[in-house]
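Chain nomenclature is as follows: A, B and C, assigned in order of appearance, with residue numbering initiated at 1 for each chain independently.
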């Protein structure tokens, strides 16, 4: 007993306790629900069997049925476009802003804080406002584009199948940029200034400094941000509900919204769960990429 | 270009970008001051024709916002406390070692967070009912939020711990500190800012959490402000001014606090606490 | 505005009462009731009145949002936490009734002196019926009709007392009223990819002699072709594809659409927001003399079969039904009762609109009833959206929907 105690205080046991408790907690509150979902995808589920785990087993029927549906592939493609488009936009704009505010002119830190507004505003309100901004006839985005002469006829962001997905991507970039920016700012400020002084003496220009110092030093931050960005994008739900409802004709439908629609609008829980399993597989790849990226981290 | 001219130019650019980015916030404020359904006027009006300040007092009173905000605060503090308690140590260990187990740990932490809350709520609800946790609804929501946001915290804080030089901890151990002692005295203080930023981000998210609270907290007197907002936001609403006034009172204090805090935190890091 | 202020006062009183009211007598039977009604709508106010009778039954109220009613109810029912009474959207009623999640009220209704089946409109009653048995009581009802802007009619040289009667006239009128230079569309409605789209389209299909079981019938194809024509000629905003009925009608109120198809829930807002003269008309029919039809909306009361107090819960329903007579006056909703005259409000415009809706109500048909309604409805929405975005021909889209519906119904 004493050996265990001393190990907890001063040895391997310390690490095991620190990691073990949170993982047990996560397993109970996130792992089990995930398993419940995976289980459902192999079962026939209706509203009356939601509360139990024992349900008729149907093998891969749900999967077969799902991939027979004509909308499945387009929706999965949309999901990919949505995820890649959102993350790329959020990251590039967020990084640009972080670098910009990093130059530290007077007022920079105040303004940087204000950008966090998208993180604080309730999803319901954000959705309602973007719904209005992107509206076709009287939306303010069209108003500005028209006034500035960029377009002559209104773009029906929400209702034109070739724009609807991008409408949600725009709103989602707005939503995620702040979180990218603030974390990248923290990462940037952790880079020791003497590295840049040394590079200056070597005569490196701004571009070279960025590629040889900034990016490599930020690797762990960037890996973390992109991994988290992926999770946030895949969990994005409010914007779809508020702006397009996945329409028109599924042109802006994505896996997570569809899974909800199948489960809670058509009450087809088996198929809804099947989509969530597909999403899980997708994230598995991304998680593996993140873990690999940590291999190259520089320990301070 | 002189220093001041450059600074002024940068400030001007920053203000323009902020103006564009903050437009939705501006719109929330303006709409709260408008009357009726002026929100859908065409062409859009960018300034309220006559500011309706009394809306705020009316909404605060009639929606009982004090109680809602109190519940939001309780839930947010509870979640942050639980996450920081469990997550900090976890992140520290995951940053300290470099082996296959750490890889698996990181992998699992991300994996567990795939599904949006709207899909996780059913199994969590079923599970909580069976253990009887729903009799303590706010605590149940805190647990659910903690599970949802912990990976976010761990991944971020781990990145912070990565920036703490290993030699400092080793030196402390050589000086005769136990592992626990070195962790509390050396490592934790050095990672303070990163932990604070992450905790604040989590706090703000938990403050606005909606899906879990909506389903698990059925007693109105325990519901947080997000549920209160939703309860008068149905599909057929024309009270946009009231809704936005509510949202303004909900968001502004926390935004202001953050603007003040982040300045100290982010610049605290630059000032060389680590050197 | 008087009603609203009054009801806000009630709501305030309600919250106070709920704080104090916890000290209800120990022997009181406690019931829980879920509905989506807000503070100015019937449920919370009727409950308050009911509780004030102090007849040994106390009801606790929980408000749920439109999108969540069914999923919350299912989750609760499958974990044994269902409320005693719920207000459920009428097309979802059969899903619960067919699986005996709701209590069969037939015997109790037979003995009741307050709730009598013959007093109700047949459409709403049918939606609460499954297998010839009553599993609920209609709470209120509504339907859709045509609103039109009389000022714009005059400006376009049309007779404001002669709204369009047939589909062709409707398109022709929309063409004349359409004026892009003034930001005016001919007509607005909702073809949204949710229940609202089905709600708006199904009456057209039914007027054309089709139904949800024959959704690719000739009349339905023609209806969808007309809708497509409205989109192709830009007689309606492209956003009609993603706008709800409420938001669509808001553009009518703002003068940006000359006609609108929507329900009686719009009347009060229109009276305050619309700065022009407006009128209402029955939904246009395919050709003169064709059969009429209309949508039927709103909620039913039902008692969950898991309740421990069926008698008391039914007493509550009887109390609610006894208040049907003043429902329009107090809350602006139409009772689903054929035996109750809706008293005039004294506002000529409002009364005229009401008359139209009561007339239209006679032709209202329920959606389903089918336990698989949500899936059937989804198939119809998919067809509407595929055709209107030009990705499929109306005929092909509806054929596909018919195929899906056949396989759903088994």
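In the analysis below, contacts are C-beta pairs under 8 Å (C-beta built on N, C-alpha and C of every residue); 3 or more make two chains touch, one makes a residue touch a chain.
Remember, predicted model here, so these are calculated numbers, not experimental data.
Report the chain whose mean Cα position is at the greatest distance from that of chain A.
So the farthest one, by centre of C-alpha atoms, is C.
By number of C-beta pairs in contact, which two chains lead?
The chain pair with the largest number of C-beta contacts is A-B.
Take the average of all CA coordinates in chain A, do the same for chain B, and state the distance between these two points in whole angstrom.
Centre separation, chain A to chain B: 15 Å.
In whole angstrom, how far does the Cα centroid of chain A sit from the Cα centroid of chain C?
37
Where the CA atoms of chain B average out and where those of chain C average out, how many Å apart are those spots?
39
Can you list the residues of chain B that touch 2 or more other chains?
Touching at least two other chains: 40-42, 122, 126, 129, 230.
Please set out, as single numbers or ranges, the residues of chain A touching at least two other chains.
50-51, 137-138, 263-264
Would you pick out the residues of chain C that each touch at least 2 other chains?
75, 78-80, 183, 251, 256
Looking at the complex, which residues from chain B come into contact with chain C?
36-37, 40-42, 62, 64, 122, 125-126, 129-130, 134, 214-215, 218, 220-221, 230-232, 234-238
Which of the residues in chain B end up touching chain A in this complex?
So the residues of chain B touching chain A come out as 6-7, 10-11, 13-15, 17-18, 21-25, 27-28, 39-44, 86-87, 89-90, 92-94, 96-97, 103, 105-120, 122-124, 126-127, 129, 143-144, 146-148, 150-152, 154-156, 158-160, 162-166, 178-180, 183, 193-194, 197, 201, 204-205, 207-208, 210, 226, 229-230, 233, 240, 243-244, 247, 250-251, 254-255, 258-260, 262-263, 265-267, 269-270, 274-275.
Across the complex, what residues on chain C touch chain B?
The touching residues are 8, 11-12, 15, 18-19, 36, 38, 62-63, 65-66, 68, 72, 75, 78-81, 183, 244, 246-247, 250-251, 253-254, 256, 265, 269, 272-273.
Going by the contact rule at the top, pick out the chain C residues touching chain A in the complex.
67, 70-71, 74-75, 77-80, 95, 99, 101, 183, 192-194, 237-242, 251, 256, 374-375, 378, 382, 385-386, 388-389, 391
Could you pull out which chain A residues touch chain C in their complex?
So the residues of chain A touching chain C come out as 46-52, 71, 135-138, 156, 158-161, 164, 241, 243-251, 263-268.
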